[in-house]
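Have a look at these structures, which come just after this line.
In the two assemblies presented below, subunit A is common to both, partnered first by subunit B and then by subunit C.
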Partner chain A sequence: MPRKLLTGNGAAAWGARLAEADYVPAFPITPQTEIIETLAKWIGKKEMAARMVNMDSEHSMITAAGSAAATGVRVFTATSSQGLLYGLEMLYTVAGWRAPFVLVNVSRGLAAPITMEPDHNDILAARDCGFLQIHCATCQEVVDSVLMAYRMAEHTDVRLPVIVNLDGFYLSFTREPVDLPDADKVREFLPAFDPHETKFRAGEPVSQAVAVLGGGPYSYFRYETHLAALKSLDVYKEVEDDFADLFGRRHGVLESYRAEDAEIVFVMMGSFATKAKEAVDRLRDSGEAIGLVRPRLLRPFPAEDLRQILCGKKGVAVIDQNLSVGMGGILYSEISAALYGRKDAPPIITSFIGGLGGRDIKPEEFYEMITTTKLAIFNKMTPPPRLLYTAQELREIRKLQGIAHVEKEDKANVKAEETKP
Partner chain B sequence: MNEAHIERMKDLPSTHLLGAGTALCAGCGGLEMLKEAYDILGENTIFVNAAGCMTLMSIYPFTPFRGSWLYTSIASAPAGAQGVRDALDVLKQSGRMSEEEDLQVVVLTGDGAASGIGLSSTSGAIDRDLDFIYLCYDNEGYGNTGQQTSPETPHGARTATDAVAAGFPGSKKDLFAVWAANRPAYVATVIGSEALDLARKIEKAKELEGPRMIISLAPCPTGWGYDPKETVEIGRLAVKTGIWPLKEYVDGKIRHTINPGSRRPVEDYLSRQRRYAHLFEPERNEKVLAEIQQGVDDYWAAVDAEES
Partner chain C sequence: MYRIRFHGRGGQGMKTAGRILGSAFFLEGFEVQDSPRYGAERRGAPLTSAVRAGRSPIYERGIILKPDLIVVADDTLVPVPAAGVLQGVEDRTAIIIDSDINEPEWHQRLQINSVIHTLPAPKDLDRAEMPYVGSLCAGAAARLTGVISRATLEQAVLEELHEFKESVIEENIERALNGFDLLADYEGTVIENTDPTALNYQPPQWIDLPNESVNLAGPAVHGGATSVEVRTGLWRTMRPIIELDHCNKCTWVCGSFCPDSAISVDPDGFPEIDYDHCKGCLICAAQCPPHAISVIPERDSIEKEEA
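Up next is the complex of A and B:
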């Protein structure tokens, strides 16, 4: 197929179409809605054979997605932000069912305050639920990752649902040229879903998701799910090779950009990493040995792959587009846990919070992060997590607060006038 | 069960599908209903369950069911049924599954899931005209957690969370009316103690397509406070006092299948249960007793006016 200009949402829909998903339970939410609208249009025009059903909530949507996968069809669904959290109970539940399907999450900051633009607190709230997670930075990656996600999810050693994540607005609504995989080649890469004996049919009674009594059986099934997720790392590498063989593109468990000979490496996820790449190039131009690592898989966590790149570095600067309130960056904890106590672990890992609610991260801020990290290396002292915010932004919010206060004072004055005797 | 329609008690199945020895309480009115209903539904049934008493029917690695089972969550069993039904239809339509392999999809929940926390997913299933049967065992409270107030708790009943002097001040939600207002294929109320009426309604529901709701009053020895051996008697009194009307909605019309005629006073039903003891001791609460009787009298006056 030729290259097409597609938004991230369009690419996600193409992923579902090329995977020949049988079933799409849906519920609208910005900025994901374009995905389900695109699928609805194709289904209406009979360009896609799937059945789509409009559910009453994301909680119901994820339940139906899980139960349909447990019955033995290929399922695709999508949501964002509040929707992912509204369905959070079911994310844990259907992962426990070991129901394999693909959910695209279009990241968006969480309320309150309610907003539209992206950060990763939504997807990271689903970090521990048992879904595997692939994080994309380009529209090409979105369509390819959806296909790879099905292979991973449906593998008999894995059987877990997968979330493919893309950033709202920055990727969901950005058009990029996308090389659409050829449909016949996709069938070769991703044969029809075979549920084996885990399905519901008359004459073959099966009980799924039954209760257990006591910690023994409970722990067994939880550990089994964890081991399957760990196993999926090997499965991913198989899938990555097969994909590269068939389509000539390779999407690893992480993207390493000019990191090999770097002294200090940025680590960040998602589409904002393209901003970091630009900063890396500028820093390299001025003679600084800087690189970037962008984990694509968050679950399973590619700890060994990260160690291979990051051990031996002088410093690592982790940029979290999320905020664990009262602690700091979530990715920072994960990276630190992967490196601590390992041979040649970087002595300094600095933490930066940025890009919340779509807030831009400017080139100067990347340079400042490197300066801070170099200073920390020199002082042998890790600084506290830094919340990125400029003096200009502070002046702007002060203006908004000024307006809010004037309104409040005006109302108070009016009320005082009215209540005068 | 043979092909003939159920007309008399002797037409009821004499062998039973549901296995014994579950973790449910002795004298459970919900289990009584389920046992009777399952014989009619047959083993080619998948139960999609919400959190509640019945979740303890299937504890790994045991199950009393001859057919399939899927536990979902407290709020989303009808959505689980949607996914199963749609998947089976997709498989049939694409030739990946035969008609013989098809299943009757049955949601099995308590009243808290049916009328409260799960009402959104139920409402969605009705809107989408989902082809399923919903079996609700209504024990008028969150029974599995110790009988806290649910949307189905009746006026004046004491619960673990309405332990006040006069009991629950609100009134029982009319789940039958909620369903019937949305014109589904079938809605019926049943009770295990009226086995023939129950069997006929399950049989009728099974023959229809679309959203079908069976609401069973489920006398609950532990939650309501009576001896387990009295479950059948309490159920009969619920019908004879007119507190639990047995009726069905089909083709846009509501019909009462058993009219108690000269009704026993509600006190005959209430006084047998500890949840109403505060209405009789240390002194009679004439106000609440009269309110409950009045509610029943008004209901049947409206029925008689409508059906005469």
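Up next is the complex of A and C:
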């Protein structure tokens, strides 16, 4: 099939269509809605043989997705931001059921203050629930990752739901050339879901959401989920090879861009990482040995793959498009934990918080992060974490605050007048 | 890489314009990235769309800071600072404005050296209801690049609008080709910019955010006075005008229907519209019992004021 221009949302919908999902519970939210609108259109025109049901909330939507997956049908659903968090209780629950399905999350910053634009605090709130997570940087990766996600989720050694994440606006509404996988080859890569023995069936009652007390049984089930997630790393590598053989594109657990011979590497996730690639090219042009490592899988965490590429580097600059309030960048602590105490671990890991709420990261900011990291290597001192935020941005917020507080100040002035003797 | 930025208002088809140009580049064998950027999702509010086209995969994303070409579908946006029409403009940047103000006049107003092309703007129309202006702009932009053929442009319009009825498609093709033909003399004048270098870059002026009192740092907006500061009148594409000869002073009608509280009562009991804040929703005109509120395109009223 020739390449075509598709938005990230369009690519996600194509993923569901090519995977021949049977059931799509849905609830709209910007910037995800286009995905379910596209699916609804196809289902309406009978171009896709799925059943779509509009639910009353994301909480019900995720419950329905997990329940349907537990009966052995292939399920697709999608949400974003506030919606993902509204369904958070059920994310833990359906992962505990070991119900495999694919949920696309279109990242968008969380309220308050409310915004439409992307950062990763929504998806990272679901970090520990038992869903596996694939983070995409291009529209091509979105469609490919949805297909790979089903293979991983449905594998008998794994049986866990997977979230495929793409950034709002920067992928969701952005068109890029996409090579749509051929439908017949997809059937070869991803045969119909065979749940084997673990499924609900009429006349054979099973209780899947059992209650356990005493801690021992609970520990067992939680840890088994964890072991399945760890095991999915091996399964992923099989899936990656099969995908590369059939479609000629390899999507690893991480993307390593000009990192092998680099002295300093950026580490970041999501679509903003392509901006980092651009910066790497410019820095290489000017003679700097810089690279990029972009984890695609966050859960399971590809710690060993990260160590292999990062150990021996002089420095690592981690850019977090998220903020754990009261701690700092989430990826920074995960990368540091993976490297601490290992042979040839990089002596300096710098932390940058950037792109919150879709705030742009400019080329010169990437260059300056390298300058900062070089200085830290020279001084043998890790600098404090740095928010990417400029004097001009502070002036802009001062202007907005001037407007937002105008009446308050007026009142204060009136009061001051009134209380004058 | 080509970096092209479209500016228009919600309802003027800027997303479609970007997509038509993006598809045309793609059909000519370019790697392409196109993306609209919305603010307030409302008819009449300023929005932009970005098109990048190059010969290798595109890693840049988001807003275009240094465009090779700026295309403005609505000339009333040029003086609106929030619309950022001239952001990143350099001498080498070409500008297309859909406007019946001529080019020397624009040069004088804007005090810039860039080449400015104007496209004929339709008169007496609500500019937020100009479904074809996007195609006109896309066609004109395509010609300036010099790498898109007339046939490719037509094919791109067809691909983007194939779900619409035939008459709409035909009309759009006609407008796009019209834009393409109008700028025939300037074919190929927009040049791809070279990639910026990392050598001698200007360091960003990063600052350490001060820890401030919650009085300031909580995202609160205090009271109605803020609405006074935000001049939403800039969103207006159509202007309601009260004809006092026909007005029977029932100001509780227009005054209460106006969702922006932009109608007040003057000392003689007549309604008065605050054009700094009237968004041009025209609810007042629809509700006025004796039809005393007429409506004219905003651009005409600007010209009248200037005359």
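Here is the rule we go by: the second predicted complex is superposed on the first by the 406 of 421 C-alpha atoms of A that agree within 3 Å, B and C clash if a C-alpha of one lies under 4 Å from a C-alpha of the other, contacts with A are read in each partner's own complex, and residues count from 1 in each chain.
Definition applied: a residue touches a chain if its C-beta (ideal position, glycine included) is under 8 Å from a C-beta of that chain, and two chains touch if they have at least 3 such contacts.
Keep in mind that what you see is a predicted model, and the values were worked out from it rather than measured.
Novice: Here subunit A is shared; do subunit B and subunit C fit on it together or clash?
Specialist: In the superposition, subunit B and subunit C stay clear of each other.
Novice: Using the superposed model, give me the angle at subunit A's CA centre between the CA centres of subunit B and subunit C, as a multiple of 10 °.
Specialist: 100
Novice: Touching A:90 in the superposition: subunit B (first), subunit C (second), both, neither?
Specialist: In the superposition, A:90 touches subunit B alone.
Novice: After superposition on the shared chain, which partner residues are touched by A:394: those of subunit B (first), subunit C (second), both, or neither?
Specialist: The answer is second: A:394 touches subunit C but not subunit B.
Novice: Just to be sure I read the superposition right, which of the two partners does A:275 touch: subunit B = first, subunit C = second, or both, or neither?
Specialist: second
Novice: Quick one: is A:144 in contact with subunit B, with subunit C, with both, or with neither? Answer first, second, both or neither.
Specialist: In the superposition, A:144 touches no partner, neither subunit B nor subunit C.
Novice: Just to be sure I read the superposition right, which of the two partners does A:364 touch: subunit B = first, subunit C = second, or both, or neither?
Specialist: The answer is second: A:364 touches subunit C but not subunit B.
Novice: Does the superposition put A:305 against subunit B (first), subunit C (second), both, or neither?
Specialist: neither
Novice: On the A-aligned overlay, A:205 touches which partner chain: subunit B = first, subunit C = second, or both, or neither?
Specialist: The answer is first: A:205 touches subunit B but not subunit C.
Novice: Once both structures are overlaid on their shared chain, how near does any Cα of subunit B get to a Cα of subunit C? Whole angstrom is fine.
Specialist: In this superposition, no C-alpha atom of subunit B lies closer than 28 Å to one of subunit C.
Novice: Which parts of subunit A are in contact with subunit B and also with subunit C?
Specialist: Shared contact residues on subunit A: none.
Novice: Which residues of subunit C touch subunit A once you look at their complex with the stated criterion?
Specialist: Residue list for subunit C touching subunit A: 19, 22-23, 26, 31-38, 58-63, 65, 195-199, 201-207, 209, 216, 219-226, 228-230.
Novice: In the complex of these two chains, what residues of subunit A are touching subunit C?
Specialist: Residues of subunit A touching subunit C: 5, 112-113, 116, 169-170, 173-177, 271-272, 274-275, 277-279, 281-283, 285-286, 288, 360, 362-365, 367-368, 371, 386-392, 394, 401, 403-408, 410.
Novice: Along subunit B, where are the residues that touch subunit A in the complex?
Specialist: 43-44, 46, 48, 55-56, 58-60, 63, 65-73, 75-76, 78-84, 86-91, 94, 97, 100-103, 120-121, 123-124, 127-128
Novice: Name, in rising order, each residue of subunit A that touches subunit B in their complex.
Specialist: On the subunit A side, the touching residues are 22-23, 25, 49, 51, 53-57, 59-61, 63-73, 75, 89-90, 93, 97, 200-213, 217.
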